[in-house]
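First chain A sits with chain B, and in the next complex the same chain sits with chain C.
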Partner chain A sequence: MSRPFPYTYISCPCVERPVSDPSRKKETSPRKGSSQPAPEINDNDDEEEEKDFDPRSPRANFSLYPPEQLLYCEDCHQIKCPRCITEEIVCWYCPSCLFETPSSMVRSEGNRCARNCFSCPICTAPLAVSTLENVSGSGSQQGPWVLSCGYCMWTTLDIGIKFDKPTNIRNQLSKMTESSRGRQMSRAYGDLKSPLSPLATAYSTVDGPEVPPDDGKPPADEDPAVLGPDARFAALKAFYRNQLSETSASPNDPLGTDFGAGFSSPGALNRIMSLYTSSTLSGLYGGNSKKSKPKPLMMREAQTASEGLKLAASDAEDTIIQRMASDDCGWEGLASSEQRVFQFPEARFVEDLLPLPTLLRTKRSKRCKSCKHILVKPEFKPQSTRFRIRLIALSYIPLTTIRPLAVSPSSGVTSSTTLLAAPTPDLNALQPLQPIQILLTLKNHMFDPVRVTLGTPSVTPGAVATKVTILCPQFDIGANSDVWDEALQASNPADQRSSRSGLTGGYEKVAEAGKVWDKGRNWTTVVLEVVPGLLERKTGTLNTKEKKDEEDAKDARHARDATSDGGWSDSDENETTPPPGHGLGLETQSSPAPAQPDEDVLEIPVFVRMEWDSENQMEQPVAKGKPEMVKRELAYWMVLGVGRIEY
Partner chain B sequence: MPPKAAKGEYIETDTGNKISRRSNIHGTQHIILGGKTVIQTDAVIRGDLYRLPGAHPSSSSSTTGDSGEPTPAPAPAAPNTPSVAVSIGRYSYVSKQAVLRPPSRLHRGVHSFYPLKIGDHVFIGERAVVEAASVGNHVHIGCDAVVGSMAILKDFAYVLDGAVIPPGMVVPSWCVVGGAPARIVGEVGEGYGVEGAEGGLARERYRLVGR
Partner chain C sequence: MDKPSSQHLKPPSSAIHHHHHHHHHQQRVSSSSSATPRPPLTVHASATVADTVVFQGTHPISIGAGTVIHPRAKLYSYDGPLSIGEGCIIGEKSSIGASPTPTSTTTTPTTPTTTSGSSEAPSIVKTRISNAVTIAPLAIVFPGAYIHSAAIVESSATIHRGASVGSHSKICGGCHVPPNGNIPDWTVVWGVGSNSGQRRRKRTTGKIVPSAVVAAGSVTPQQQGVEGRLIEDARLVVLQRERETLVHMIGGSATARRR
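== the complex of A and B ==
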């Protein structure tokens, strides 16, 4: 995992939807707290039987998100991850000059900056407009201008391009590349029009309006290389559009409608109207009166250069090969495939590469996929970082922070007391079998107090079995109060926290089962007791079971999961490692010494179930006076990335 | 920056800046710290690279960094106000061995320095080299990253570890950049920067320093 320890990820409940039974009554409230400590485990109805979340399963990657990336839908009362939402573009802007491009212009001109922003065709760094005359002194700024890369030092001089003025570079460039005769390709570099644009003027680069050619006319050979790629594309597009409208003029042609009204728009209305007067079927089956219509023209291919036909020179490939083989080309002179991806297909050599106008980016609003309510709506202006609507999950679910507690011999660690004198354990080198205590703080951002129930498998899934105990799995968190209160008291609670858990306080305070560690206005801290598992020889840790009922129950459930439902997550985890529950006794034989990468990462799945009463404001706007209180419930899995176990 | 508490690794200034005694700060009269900013061991801040007065009567660079303006400079030591080389906002954090150097540019044949403006709640990772023209609020610059001369990092920009931001590059708000040369590889979530969450840890980070 890429984040430094400790970190928290949250699993979006939508991960269960694909496997959930559609006949379930509660689609939106995901799980019962099945993993909360015994004895309530068996109280749940059978269809709600749950598996513990396995952060190592390949599926987990698709549901785990950093909390700040999650949204919350107030109508569905559910966490929403990027898979649960749809996006709409609010504005297009250039990431380099930060100017907005109207969407109409994006449609017609393509999604690239029309100003002076270009990226280097060699290395993708942004190009700067700089003057050549700069060095001569502070006098004139009139010198020719070039685009230059500050990263790889490429300039447009390398391809023989200079600009007369420092503005409107894109136009200058397209004119230049269009008209320059020396270069074999990119004659009409054009302006990278959006291929899908209905407004793209087809003949902008072709001389004169196209006359529908008579058939049989041989390809015009007057100027074999008239068109550059863009112009040729435009010509071809216009040609085929023309062809479509001509050949589909007849209502009998089913293709005409299949291609949509966008093509052949002149005839569209005609065609639609004639659908009502003549049936296609009658036309197909050689119907009656429509026979008098002239047979529609057959579609043909482009035949002249002005239509977009390009004949390859017979020695074209030889020329390229010779050029590649020549000494002044070499490996350096060849364009890499990454470079060529964004260039015209003919570009083979570094000299063929042209500066690329910067791709635009978008600001997007986001909607809940299931109820279509808007969850995020940013300000329209590209530079603004404000939001008109922003329903982030962190405003609803508790903000979770974890911190290792300073190791103290007198703390409530049961098994061993031979602790090293480390003040706080190094999260990047957790000692196997050495119990540590972790402070888990949940901070409530809602204005209602919340009751939280935490649950965790007593042994982490995966090859490295770490024992985890939440000393106080059920607790309350106070309501968040006014923003101003919080601002004024911002430093207090945390100061208390850190002082209490500091070197001096840590020795006095002892974590007790069933009691919260600390509590503030809108936050509560509980202690997690963690015994990191052994990485290589796993039997030792696992079989020294704590004699706790809940753990027995968990283990039993583990085994049941693995056997009964085949373990959808476990089975595809790793061919060499058996499902964790199932393999409890077998692991000595079946686990090879060097296991998966990151197997030493200690990630603890924790099931969070929160309940609170809130005013029912959504459904009943009419009922004034006493607000009706509704019971709300939200449950999800989160994963605590605690550290890395040393071995 | 008069030292308040003389013990421990950090000097704490009147405005709450915590500055490691083992940091390398040059040209202090050209540096403005907004308060509650942390400067770690072996961090280098080159306040000595300021624009020479009189060389350019015109106002500073044309870049419009709208990042949080630092609090006004303390009373200038010299009779004429020294030009600002580096300004850092509140709750920003300069990690070990990071280097902050004002950007420079060849302008009309003269090589001159421009101020480096850093906003509030900015994190600068270990061994990062920053030569930006402006760094907005809540910007994260990863370890070993290089931010090229005159680059502009807008609010909430996120620079991945080891990224090399080419000179003059603009990183828009919320964008994640990485690689060498850096490209926009993604966006941070909408919750980024919320107090206590990713991007909003600056106060907590500050609090833990020197404890």
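== the complex of A and C ==
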């Protein structure tokens, strides 16, 4: 479901340190209470694990990210996850024509392409502008033009639209949809194959504020001046803005009004406030007699079609229902809810759907939330995929890769048949209680050598106690260098390769405690000895709630694998109420499940602490000693997903 | 102009002996018995069949005039005769008919009914592809399907047994037409998945009065009289051109390789 084994996740330090504090390094783990699922099944050494990161805790799962999704702030010297950054829009552009739209235009015109880019209203595929000239035989080389969908074969002829020229189709379309909107909109509700349009055109309204609201007259007939959706929205907007300004500007004496009525106006608040704040209150009192005060205008609703009022025809719904029930509509003739989302609200049938201008996209720069340092800044041009600044975490923290070491015959693991059969253990079916060795390679991408200290709880937290030993917890990684330097200097790259693979040595190589397994120019490999724990078969009735929480957290992480969006809220403390919709399943999970979901997944929390000396490019409050070379330190937890333990 | 001779049918594995019977316009080949049964082929002289097209089966296969069959298309006639109309394009690696199941690969060509690998269709079912049909690459058409004229079966779509696809219809990529399903004329089957995610829509053929919401007000009424059928006509014109080009490409390369 998530990544294939083996994988690596890195826990962003922001979980335990919401406010960036570069002086403090990660030594204590997040709040224990929240990071532990309430009942530990076999809590053998709970006290010792006080400080350890628990990848199984529901809360921890929300902070785990694949390393490539993380950024790094050079000012804070800290890993930044998507929750530690703010985003700013650099430019808006159409993904289909790659034309940039100024943000002012986005504000006024909306975030859709103003040119020729449309997507199909039926299936959302991009529409192509194509001509009809060679078929229709219109003679001139510039035939009428249509938008056509290459996928579902929808064309604008399906809705009876064609264009005179192949450019600026957005304008042409909006002219068509807006120009004679009145007639068309009257047909929308009165004239759906019903003879109401003569009535509608014959009817005329009295324009003025004294027209009573709709209770008086039956709204059977449509105004001839009824507006299209866009125009109606504009009319309503103008109307209410006007109302706001009128009602809030007119009263200057709050006490002269009838307060009961005055409260219904948004200007009432102003009036009440001015009652307390205005220094001219007494003057106003004296100067104005009560009878001369005008009644403040109350905010009213739109009453005419020109103000944006739209009365539904009394038989409008009947007409729609009849149309739905008719044979030529059918299920296929109805617009789905997905199709209707971006259409006018009254579009119910597929014939009512208009081609949608393509949604614009943005390029965004990202800043550190705490120091406002820019972490990512793309090129402004939509055509360019380059970045001016991009501080991804993987160029600072070591790239961690793990892979199982081939089981050597001399290592004494001879009990299992599968292990002997397979040279490397199957990560999806790790044998319980059979030690395996895992090569953990850290590759340095910085141009400074790094000293790394690894730490891990000797027994993994969680129900399945897996023993983990890092044979060489402290080691150095060489500095990264230029690729060309390496190519020129590398005398025997083949040797490196062979030794690194660990297979070609004919199993002579035995992992020794305290020694690195292998070492290259900018990488170092150490060995982890892992004894997968034994899974207990439980009836599954014990901790359904915890199970649920874990599922939620897992889901969150899996979802993050797919999308880099990290905006998950921390909602899964066990003491608090479970997320909505999950409290019901407590009893339903009493089926004899062998284990909790993903309980068999072997995830090893590893604490990484790197130290290196770097040049002090910027002011650094934590600078110790030397003016030029500064000792840097970075520490974080990572989680190694090794495999799945077999039952 | 040696096109008729170059349009020889080319059964895939060349190790098999063929008998060529030349008629005026049609070439009939009855293959001798071998491990894989050769179907009796009737290929129109103006059809273009690539070298690596697989013909297998026991029932006759006929290919109409002007039809282009891309390389590595698989045409099986174990379950019954297979007829492909005129002006079709059969895409690369598409599969028409069903290959026998592995259990019944030991086929006896003389008794076709027993050789059909599918136990559920022991009787002879005819698979028909009408004229001007496009079968895109990797599409699968099962035996008994009837694909009417000018239909499109997009890539990786599946037409199950006994299904009928109406003329001018389109089965979009990856869509399935269920067994014995019926797709009416001028229908587009699109969407994802086999049943639930799949949607259908009717293509317009006639003149459409702009609907209410659309309100093509600036278009004069006489201008609106463009029939939706025009689009399909244009597509068929393009299809025709594509076939002409393909004849040069597939046919030309086939000729070159033969010499």
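Observations on the structure shown:
Methods note: the second predicted complex is superposed on the first by the 372 of 647 C-alpha atoms of A that agree within 3 Å, B and C clash if a C-alpha of one lies under 4 Å from a C-alpha of the other, contacts with A are read in each partner's own complex, and residues count from 1 in each chain.
Definition applied: a residue touches a chain if its C-beta (ideal position, glycine included) is under 8 Å from a C-beta of that chain, and two chains touch if they have at least 3 such contacts.
Since this is a predicted model, take the numbers as computed values, not measurements.
Contact with chain C, but none with chain B, is seen for A:K175 once the two complexes are overlaid on the shared chain.
Of the two partner chains placed by the overlay, only chain C lies in contact with A:D352; chain B stays clear of it. With both structures placed on the common chain, the touch criterion links A:V516 to neither chain B nor chain C.
In the superposition on chain A, no contact is made by A:V630 with either chain B or chain C. Once the two complexes are laid over each other on the shared chain, residue contacts for A:A479 go to neither chain B nor chain C. Shared-chain residue A:L71: touches chain B; no touch with chain C.
When the two complexes are overlaid on their common chain A, residue A:I374 makes contact with neither chain B nor chain C. With both structures placed on the common chain, the touch criterion links A:S96 to chain B but leaves chain C unconnected. In the superposition on chain A, A:C123 makes contact with both chain B and chain C. Residues 123, 134-136, 151-152 of chain A contact both chain B in one complex and chain C in the other. On chain C, the positions that touch chain A within their shared complex are 170, 172, 188, 190-191, 199-204, 207-219, 223-224, 226-228, 230-231, 233-234, 237. Interface of chain A with chain B (complex): residues 65-71, 93, 95-98, 120, 123-126, 128, 134-138, 141, 149-152, 361, 366, 376, 382-383, 385, 387, 390, 392-394, 399, 401, 443, 490-491, 494-495, 498, 502.
Residues 122-123, 130, 132, 134-136, 144, 146, 148, 151-155, 157-162, 172, 175-181, 183-185, 187-189, 191-192, 228, 332-333, 336, 343-344, 346-347, 349-354 of chain A are the ones touching chain C in the complex.
Interface residues of chain B facing chain A in the complex, by the touch rule stated above, are 66, 106, 108-110, 148-149, 154-156, 164, 166-175, 181, 183-184, 188-199, 203-204, 207-208, 211.
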